[in-house]
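Next, two complexes with subunit A in common: one pairs it with subunit B, the other with subunit C.
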Partner chain A sequence: MAAEHPLVLPGDTIDPSLIPTHKKQPLRLGPGLRHNPPSTILPTVAGQLVTDLRKNSMWVEYNGGRYIPSQGDLVIGQVARSATDLYFVNITPYTANASLPHLSFEGATKKTRPQLLPGALVYARVTLANRHMDPELECVSATTGRAEGLGPLTGGMAFDVSLGLARRLLMARSREEGGIEVLEQLGAEGLAFETAVGRNGRVWVSSDSLKTVVLVGRALTETDEKGLGVEQQRKLVKKLIREMR
Partner chain B sequence: MATTAPPDATLSPLPRADGSAKYSYAGYTVTATVTGPIEAQRRDEHAYEAHVDVIVRPAAGVGGTRERHLESILQSSLSQLILVKNFPRTLIQIVLQVEATPDNDYVNTKLVQTSLNFPIIPALLQTAVLALLSAAMPMRATATSAVVAVVSQDGTSRTVADASARDIETAQSVHVLAFTSQDELLLAESEGDFTVEEWDDVYETAKRICCQSGASKAGIEMLVDDESLNGPDMRQFLRSTLETKVDADLHWK
Partner chain C sequence: MPREAEPSLNERQFILQALQENLRLDGREFDQYRPLELTFGDQYGVADVTLGKTRVLAKASAEVTVPYVDRPLDGIFNIATELSPMASPAFEVGRPTETEVLLSRLLEKTVRRSGALDTESLCLVAGQKVWSVRVDVHVLSHDGNLIDAACLAVVAALRHFRKPDTSMESGILTVYTPAEREPVALSWLHSPFCVTWSYFGDEGEIALLDATWREEQVRVGSCTISLNRHGEICQIAKLGGTPVEAVTLLQCTNTALTKVKEFSSFLDKKLAEDIKRRDKGGLMAELSAENDR
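Entry: the complex of A and B
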């Protein structure tokens, strides 16, 4: 595994044999890499270098740090305040607020739009992320006009997790690729709950029973902090369920 | 003396900070946190780059002029390392809390307060770099640093790497140098009387400590015993510390 995904530190030289080449597709650089013209590629963070030959792309896999918005990410934001035609939404603490127009909700018109009070949670997609401008969000797909699961999150509770765990939970096959099974296990134990995962390291959990919300949140944060594997996650779920009953 | 103990570091000991590190070597223990990029105050804002704010807190009491000087030295070095242009109009805050300093049996430490505390700079810089790596802050390169003293003995002067407090007390001149991982000189601060030849000597010694992992990889085995006298391989230490952290973070891969 180590040979496949070598450790890189900022400024390390990348062995040219590791850089994928393709006849037609241009090389795509993901997070953690920097192109230094004319032809140098340098890592900017410490992590494992991952290359995808099929997509002709490479990136550095790492965990930690602060969320930096990028276009298309799903995030859970907290409404800070409302202006005349947009909400100011907080994505990460102590950073400039993102803007969420009042009209970018499903079926919203000037007369009917969701009334969000300061502190309300919203599940939104980042539409504009640019280092020189504050990010912009939307709760509706611009192409279809449908919410597609986005919108205000009512009830429930948000838990903070690491960016790495949020990324793993958002993977299409989080069990096989991300090695995260705790939510499936909790569901299999007969708990009814719904979750929303924000790329900014927030997980929202909602259920009819408050006990379930706390239990799911605790299971997720403990999995994150202790870096549990699939087998340990099963044990944790069993333990938490036993304690609850 | 504690100088013989290898350096020791813990990454991300503080769960609430964006990045943190605890580092101890040669009797110094420093904990650092990194927060950022966050919203900068209007007066600190730069239109095209992030403002790097370094805060040094001494082990006891509140900081004074000496800490402000250390902060200005570290600030200029660290903003060279961080890709500040990636985060315009933001603030990157680095807080360095000194937890322990080595005891000096020969002098009253209170008196040292007046002069600049050179041997602490490598510890502070090393901790700051580790904390920045833990915060996944985009950086140009990593850095390693060393303190070198020129001691005159029986009429001849010699350079002492990783000088002890006693060495520094009696030294003719003390130098702090830092190198980036691309072998570029990042920081050079000197204090005392020295000649150009002595400085060249100091430069070579510091470079050997800071940049030697490349040489040992090339298979220069003979030098290994010699080198170990001149302090540990800082770059190798940095890499192995990060390797442990990255492996733990990506255990699911």
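Entry: the complex of A and C
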């Protein structure tokens, strides 16, 4: 794994042989890389350099401490307060709040809109994020007008995880690419629960049984802190289930 | 003041419901402490306490100075606490938060006012020269229960510390460097420890030991009991919060005594290990200039 994805530090020069070439598509740079015209590509964060030859793109996988919002991310935010036609929602602690319009929920009109108290959790998508402005969120898909899983989260418990784990949980094929199988394994052991993963490092877990939620939370935080691989996750899941029974 | 990260409504409700079903988020018992680790530095007087993810470093140091005018026969003993932004973004340098003020007051009452350190033994020349012992407490990581961890670190640092040896001959005070004479331990009378209980529920009926940061945000009251292993109570501080039944408080005090005895034997064991580690070849007995009384 290390040979395919070399470790880069900010400002390192990248070996030209690692840069993918394609006959038709231009090279696309993902997060963590910066283009200095005419032909220098510089990493801006420390992490592993990953290239995708099919799409002709490259980016840096890194595990930072602080979430920086980017457009299209799904995040779990906490409502801080309500203004005239906006909610102020906090997605990264100790930073400025993001704004979420009152009407940006499924089927919301001026008369029928969800009433969110301060401290409520919402699952939202980032619509606007750049360095100079406060981020903006939406709880409904702008194209279809349907929620598609977004909106207020009731009950359950929110756990904090590292950004790297959140990203791997959100990958389409989390086992092959991210090495995370713990949620599937917990489900295979017969536990019934639902989760929502926010890219900002928060995971919401809900179930009818409180023990299940505590178990899922412990499994996630231990996988995160100790950096467990798929086999070790299996052992952890078995150990936790045994302790519960 | 940076915005304090408040827990969400979901978290609050969940923690309370789970406690009512006897469940704690990390699977501990209600009166179980997180894994406790204590390491000493290479220098005398440096103690690093890790209680789960909370980490506190205490450093003891001493220098010769003039005593206070109204107490010419006593040495000076100060405890300085510092909550830096390294521990949590909610703390700012130079502006004490409520947590910091409470922490330094509790440490003061527990260690200083209870007479754990014999200040009269710090006197060198009456009215002119005394030792001024100072313990600096740095909180490196804050995940709840700073008080217990900080108290353990202070007591460990002071018991580990060695002050330079001195001698008084015909009016001339000589302070020896560690190279000339082996430094001597402080005159320590008893080891107080703090045990903090957190209360949850409408009437404070659920009591937990060693709350994590999240549990601390959700609690309705807390009580810190400081005592030593002989059962002598230094102070009990319940600063506001939901009223708690007197019987519950008595039970808490009894459990606190058990925990303090565990802390005490843990600290003794660690100190003994450290002495053994430094005493290679059994030379300590020969190097020390202390006389048996």
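The criterion applied here is as follows: the second predicted complex is superposed on the first by the 242 of 245 C-alpha atoms of A that agree within 3 Å, B and C clash if a C-alpha of one lies under 4 Å from a C-alpha of the other, contacts with A are read in each partner's own complex, and residues count from 1 in each chain.
The definition used in the following text is that a residue touches a chain if its C-beta (ideal position, glycine included) is under 8 Å from a C-beta of that chain, and two chains touch if they have at least 3 such contacts.
As the structure is a prediction and not an experimental result, all values here were calculated from the model.
When both complexes are superposed on subunit A, subunit B and subunit C fit side by side without a clash. Seen from the CA centre of subunit A, subunit B and subunit C lie at an angle of 50° in the overlaid model, rounded to the nearest 10. By the document's definition of touching, neither partner reaches A:27: not subunit B, not subunit C. Once the two complexes are laid over each other on the shared chain, residue contacts for A:170 go to neither subunit B nor subunit C.
Judged by the touch definition given at the top, the superposed model places A:62 against subunit B, while subunit C stays out of reach. When the two complexes are overlaid on their common chain A, residue A:94 makes contact with subunit B and with subunit C alike. Of the two partner chains, subunit C is the only one that A:78 touches; subunit B does not reach it.
Using the contact criterion defined above for the overlaid structures, shared-chain residue A:217 touches subunit C, although it does not reach subunit B.
Which of subunit B and subunit C touches more residues of subunit A: that partner is B.
After overlaying the two complexes on the shared chain, residue contacts for A:86 are found with neither subunit B nor subunit C. In the superposition on chain A, contact is made by A:153 with subunit C only, not with subunit B. Overlay on chain A (Cα): least separation between subunit B and subunit C is 5 Å. Judged by the document's definition of touching, subunit A residues 93-94 lie at the interface with subunit B and also at the interface with subunit C. Contact residues on subunit A toward subunit C in their complex (touch as defined above): 78, 90, 93-94, 117, 119-121, 153-158, 204, 210-211, 213-214, 217-218, 243.
Residues 1, 5, 7, 9-12, 32, 34, 42, 44-48, 61-66, 68, 93-96, 131-132, 164, 168, 178-180, 225, 227, 229 of subunit A are the ones that touch subunit B when the two sit in their complex.
Those residues of subunit C whose C-beta lies close enough to touch subunit A in the complex are 2-3, 5-15, 17-18, 21, 23, 25-27, 89-90. Against subunit A, in their complex, subunit B makes its touches with residues 12, 15, 18-19, 35-39, 81, 83, 86-90, 133-142, 180-182, 238-239, 242-243, 245-246, 248-253.
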